[in-house]
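Listed below are the structures to be examined.
In the two complexes that follow, chain A is the common piece, with chain B as its partner first and chain C second.
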Partner chain A sequence: MPRRARWPGREHRLAIETMQEHSIIGRPVPKKDAWLKATGEAKYADDHSLPGMLYGKLLRSPHPHARILHIDTSKAERLPGVRAVATGKDFPGIKYGNLPQTRDYLPLALEKVRYIGDEVAAVAAIDEDMAEEALDLIQVEYEILPAVFDPEEAMQPGAPQLHDHAPDNISSQSAFHFGDADRGFADSDLIQEDIFETQPVKQGMLEPHACIGLWDNTGKITLWASKQSPYVVWRQLAMGLGIEPGKIRLVQTYIGGGFSGGKQEAMPMDFCAVLLSKKSGRPVKFVHTMDEVLTIGHLRHPIKIWLKTGIKKDGTLLAQHCKIIANGGAYSSIGQLSMYIPGAMLNLPYRLPNVKYEAYRIYTNNGFCGAMRGHTLPQICFARDSQLDIIAAKLGVDPIEIRLKNAAQPGEVTPNGFRLTTFGFTECLQRVVEASQWREKHGKLPRYRGIGIGCGSLVSGARLMGHSSSTAEIKVQEDGTVLLVTGSTDVGQGADTVLSMIAAEVLGVQLDDVRFAMVDTDITPVDPGTFSSRVTFWTGNAVKLAAEDARRQLAEIAAQKLEANPEDLIFRDRQVYLRQQPQRGLSFGELVRLAEYRLGRIIMGKGSYTSGEELIDFRTGYGNMSPAYTPSACVVEVEVDPETGQVTVTGIWGAHDCGFPLNPMLVRGQVLGASVMCIGQALYENLIRTQGKVMNPSFRDYKMPLATDVPKLANVEHINIITRDPSGPFGAKEAGEGAATGVIAAVANAVYHATGVRIKSLPISPGKVLFGLKEMQGKGNKPANLVKG
Partner chain B sequence: MGYLRRLPRFEYLAPRSVVAVCDALAEYPGEARLLAGGTDLILQMRRREVAPRYIIGLKGLSELAFIRPQENGGVTIGAMTTVRTIESSPLIRERYGLLCRTAAEMGSPEIRQSATIGGNLAGALPCADFPPALITLGAQVKLKSQQGERLLPLEEFFLGPEQTVVGPSDLVTEIQLPAPSPLSDGAYVKFHDRHAMDMTTTGVSAFVTLDQERRRFCDVKIALASSAPTPLRAKNAEAALRGQAFTEKAVEKAAALACQEAQPRSSWRASRDLRLELIKSLTKRAIRQAWEKAKAPPDGGRP
Partner chain C sequence: MKHLLPVSLRVNGEPYDLLIPPWRTLLEVLRENLSLTGAKRSCQEGQCGTCTVLIDRKPINSCLYLAVEAQDKEILTIEGLARSAEVLHPLQRAFAERGAIQCGFCTPGLILAAKAFLEENPNPSEDEIRRAVVGHLCRCTGYFQIIEAILAAAREMAGKGAQVGH
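Moving on, here comes the complex of A and B:
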């Protein structure tokens, strides 16, 4: 097929260009730690053990809402093999958390429990059996309180109140208005209003939370743990223990998946591990079981989204008004930010002059919600891009045309102050239309087959309150190898590889010459962590600066030796030589030894990156959140079984502007992984809770898609749109989250085009499709793709 | 449902013969549980739903792990035969394609390697896949105890969810399948949310025998999973097809009757209404597929 031959040709040309320009960057290189992980050699937190180590277990609340009247731990303490027991009273009672106004976590519950699974007590024993047996011996006297599970009920007067500081159970809210929404609606030819609902979804990382805590005689605390944002944990641990962070050393282990499933925060197990260590004088290990992981929290927010859109006859978007109510669960996590993001990015990747937004995050007696890959954007993109298709159908406009018409362009500033530097959205749309053969398929597929599009956008790292910058240190060693030290973690996304590639490119060494260190807060520089797709951009820039710093030091010495200008030197293939006379040069290793042995100059480079001093004003919602934004477009083809309602995704084609793919193999892995995750949310996943009780806390019943549930590779294509962002390292932007933000809407739109059934609540389950079809047949309607126009 | 925990304390008995198992059961009436593949029991114990004092491990009972052809053309399967063994047995494939295909689509390869046919029946979960397939094949179950042995049709084996006629001192020892008649075959069609490795929302097994001209249903058996507290024979649906020619109308009618016979419940996994819709769709599919397979010449039509 000519179409297939063409794109690889283009990619091939790009590869050739890249090779000429760079020696490392832009090449598809497997992850540095792939071999270790594939052979099982990588040590995850649970693989570590220390001499004399005890095993900890947590006692959890069986009630969704209750007052703790009394806890008797004496029987548990007397059980042979038990070394220490802890309750909330063993901690100073300081609430910790993310943003100052939403700190509501305690290491262990004090007065109340607020959901089934809330941590009440902890034990450390010589083995896990003993620790579990001890849990049965802890007697907790509860006064059961009325509970509330639905956010809209929780907002009503007289509803049970979860937290004293939060009247009407409002955990956080966000509201802003840019432009003039009323005017925009008044000028509109069509106004569309819909309500969409999303479900609670779990990250599904395969490594459960795990840690080992040690509180030594000198008062120094060490925590070895699987943490994607170790410095957040470091700070929160100090906060909740009421001590200085300097007393704590946090050592990161290999991380078996992050997705903000709890590894970005201090958890009760971390507090209990160190406290029980203090009490027992021994190291204490905690490992969650998978049903604990699935029960406790950090879910993707289930949100009810009311969205009103005003549009001109020609398809120009004029105004949007959006109200959301999120079921926050029992605690805040990062909920304040979760509520800001959907409004701030409601428009992107489209141009929208007038936006009005109100968001409420409500406390309920459920496991709590936080961030998850894409944060709250997959939900809002599902609503917005579903509605865009409803509007397109009403206006008789092609879904692609309406998107092209409103596509935001580079150089634009959104009403809330986001500055779009590079933004290849139009090209995303064009390329995905071609790759998916949209024009040949849309409206032309056989009955019960359909094709749909969804789009989205993401930040390349958010500039938040508090500490935001990333730092890297480079130590060049006498054998010509490089030790790269950052505060960033590899959660499987490939940070170890990409950051090393940046250092290797700048210093002209091979990728294998660069060693990437894991976080140890005693050694590595402070870093915000791995979230909001910031590592490649922020830490990548820091690594580039650090490597350039080291190269400058080396170039100065080489220039003296070669009697040349430092600017004329090329660092490449482990050699340093003159640009005009490549034969004049010396090896990288020789140069380092010259510097270190002869001149006594140890080569260490340093670099820090932050996107500027501007902060978002969360009261008005105005400000530029990120140094760069990525748009994406995704087309999904589905087949629907009209007798069972089962939806099968048969093809997925995506285009995403990642600026420049530093490692196309890893970009592809990230994009496909994120897309499969969103196929999961679109069709299968749903953490079912009845009266606050999780009914499906296992991977048997919490259904993530398997290989049989995703399209064959022949029907999967990902296209990188190259825009080379001027402030990204080597032009790179975000790649791990954005490409999937439109997937859910694409699935919903494809199901609509296959069946005529518009599903506005997730997941798109067989029952909803089947009864939707029956309802339509009752009305004598035909599937959409049989209707002309 | 509690959290998954470490296994509770129990005493493990490892008898080496059926007689020894029966003795152990008689010695600790009501206090012992039989452990076959363990795919259900271990989870129940880890959730503390059951905490038996004694576990009688059956892994050592090689005398119950067999697939044996009978002189009458039938086959006997030992209760400790794993799903994987059934799936890969040439004898089962040749004589009972329905059972072979049902086995091949259960759980994951790991589960199939461990789970046994005896456990799948004795566990009596309404969503189990073997019971409907075996019922339509006309299977009988043999139980043994110190008092002796008895043989009963599988249909009469189930009393309710996780309840069977197996008494506290009984052991399921074997499953007997009658000789397959010529011009007969069956299909088990099930639905679950994902495309594989998932629990059955609803399943329908149909086994048909054609007349010599291959025009009419000579005999039909239909059994349903997850459609009632026990695996259910849809006898009205069967009767409606018996003696009829294969027509879409006849299939539709049978499916509608199966829906009337079924009594599915609503649970968080699926609503009653969805299950009824599925029973209708799957019954039609099962009958059609069974018809096609039975009609095909024996050498060419089977996998």
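Moving on, here comes the complex of A and C:
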């Protein structure tokens, strides 16, 4: 299998262009913190400890739905070694959350518990065993209430109600209509209707949530924690404690994976750590066990998707109508946005003139759902791209041709107002077809082997309500090194490196010369956080502006010294020199010292970036959510064992328009990692819940992909499509989350191609495959890849 | 009163005499008594491999291993792997240079497991590497760059130079 791109001319040109144009950007350099992580020196939240520190534990509800009648903590308080106990009454009773209408969460439950795992009380003791023991001594009297677990049942009149403010348990809804769907269906030659279902899936980051809280006697609060969006936590913590955010300092530690598994919001453990510290006068540490991590909320939404598509004989998409019902669990989290996104991006990366959408997120007595790598897009792309293959088969059109025919193009505006600036989707399709040898394989592989395609699209950060901008500060130091301060976090995705590369490129220093600061809310500028693939684009633009600001200040001084125009100066390789006369110049360090020592100037650059886009009107759904969108296409090859029904992914080839890869090695890592996560969701991951109880809260029973489950290196390729977005930093857009959005559909389509079995509910488990094969044998059908056409 | 047992451990070549409760796991003792936090605490039931250390050159999940069992044995943690701050082990270098480290939570365990494996099998195939690290979860990378890094380190250690991969 050739692993090199087949357009060497273009790739080669690009490499040369990159080398001439940039000295740092575009190179596959290692992640800045990799050395610290390889030696075990990087300190994650649980690796920190403070003198006199206590250990906290949370008491959780054993019932899916119950009223709390009484809590007696006296026995626990008397246990030697216990220093403080807290219940919901110790907090001001203010609900917190992301949006005003979705604030439904309390630091500890007050009147009711709404799912098994809901936090009820907390203790701090001199060690973890003692804290566990104390939990057993807390007596909670509950009045058990009827519970409801299925969203469609929860919507029925008379169903148990979870929240007073939410009749029919509707947690949030989204509905819009663009174009004229009825007309589109009327003009269609074929109308296809299907129901797809996705399962509850966990983020599965290996580092459990952990924090240390300290409430000092001046009333100042410090929380050291593993947080991907520290400023969201900072704000929510203040909200739930009923104090000013200015009283709180949040210090970020190294983060052992985020994926929006809870590290993006304030959690009960954060509130309890600081409150128990106030009560005990000591720092208090909390670390979740993996059982807790897998039991509590922050799941990917399980969704039932009804999708109707109208299409012309020639394969032109005319209309789609989609209704979704999501099992939201007990609380809102970011659920409102989770419901808007599948409708807003239902069509992308395709061109679709008429769209109708209705979404309901329903409260049930389960762990609550939120975002996870790709938010709700992998689910909707699974449905849409599976259905597209069903349609292609009915029309007798090749799956690639139908996608090429409907591929959205740069410059287009979607019916709901998304402006596609750069959008290399057609090229994604062409390149992935070549790389995967689609034409040689599709319809031609032996029995029980199959190949399938799936596509998707993502934003490069979203313009949301509330604070959306990113800021960077750059301090140039006298030795020629650069201190880069942003409010963004590195969760392993490489923000530390890519942002530093941008600063180094602009200032003409080496990557090692840039020191990247971790978030400390006393020092770093406020930032929305790490989500929606926004950091490279938004913070990256802010860093570029900050570095340009610092360079401008330095260029003025250098220009005077060199008797030249500031515009004629080049900053490169730690030197500043004249473009036309490179021998006339001085070193970067000399220049900084000249500015500081002689002129008394301090070189500090500042930059802020906010996309100029208008806000989305969530009532109509109209507006441009992101400054740039990325399309992707993925081809997967599978082998199905007809005896066991087991599906093995034997190859994966992807192409993704990331604008410009600032660091191709890191881009590749993001894309492949996200793709494997989606293979897990496609084939086996499933948080099994019975009457609200998680039956597999351990890595033994919650199956995530292992090294033996991924294809051979020779059958894995990722291709970057270069479109250089005019508003991205050095042309870059989102890279990573988006490339995986089509993977689940690609697996489903490959399984169909291998077996003729169309599976519309995830995961594509051996049982479902076997059942499908048996059913087909009954009908005397043959696998699809043996059928012509 | 807790029952405390005297234990002598040899960790990264250094001797330690400790008095610990007999039920303490090696992971707890390394992290809490010796402040060696390179071995990570994640699943605590032998499923993820983040707590891996080498005992007498063999990888074990230290979350499932009592500290008292390690009496008189040679324990190597990630902190003891590099010869010096400047001279990292080829596996550490390969992991760092080849994108095998993202969040890094799985890294110490994987590097140690790979070290033990390469000592047994200095010239492994891709498939042998996959099987060797099957006890380690990594949620960030999808494993490809980890496998590439181990292949690269194996070749370097076997003296074939570092030209590896694709």
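By definition in this document, the second predicted complex is superposed on the first by the 775 of 789 C-alpha atoms of A that agree within 3 Å, B and C clash if a C-alpha of one lies under 4 Å from a C-alpha of the other, contacts with A are read in each partner's own complex, and residues count from 1 in each chain.
Just so we're on the same page, a contact is a pair of C-beta atoms (placed from the backbone, for glycine too) under 8 Å apart; a residue touches a chain by one contact, two chains touch by 3 or more.
Quick caveat, the model's predicted, so the values are computed rather than measured.
Once chain A of one complex is fitted onto chain A of the other, the partner contacts of A:Arg700 extend to both chain B and chain C. Of the two partner chains placed by superposition, A:Gly621 touches none, neither chain B nor chain C. In the overlay built on the shared chain, the residue A:Ala38 is in contact with chain C alone; chain B does not reach it.
Of the two partner chains, neither chain B nor chain C is touched by A:Gly450.
When the two complexes are overlaid on their common chain A, residue A:Thr289 makes contact with chain B and with chain C alike. By the touch criterion defined above, A:Thr644 lies against chain B but remains apart from chain C after alignment on the C-alpha atoms of chain A. By the touch criterion defined above, A:Gly310 lies against neither chain B nor chain C after alignment on the C-alpha atoms of chain A. In the superposition on chain A, the chain among chain B and chain C reaching more residues of chain A is C. The residues of chain A shared by its contacts with chain B and with chain C are 289-290, 698, 700, 705-706, 708.
Those residues of chain A whose C-beta lies close enough to touch chain C in the complex are 3-4, 28, 30-31, 33-44, 46-47, 203-208, 254-259, 287, 289-290, 491-494, 665-666, 668-670, 672-677, 698-700, 704-708, 710, 712-713, 716. Residues 60, 128-129, 132, 289-292, 295, 643-646, 648, 684, 688, 690, 695-698, 700-701, 703, 705-706, 708-709, 765-767, 770-771, 774 of chain A are the ones that touch chain B when the two sit in their complex.
Interface residues of chain B, counted against chain A in their complex, comprise 1, 3-6, 191, 193-199, 268-271, 273-274, 277-278, 281-282, 284-285. Remark: chain C residues 31, 36-45, 47-48, 50, 77-79, 81-82, 88, 92-93, 95-99, 101-108, 111, 126-127, 129-131, 133-134, 136-148, 165-166 touch chain A in the complex.
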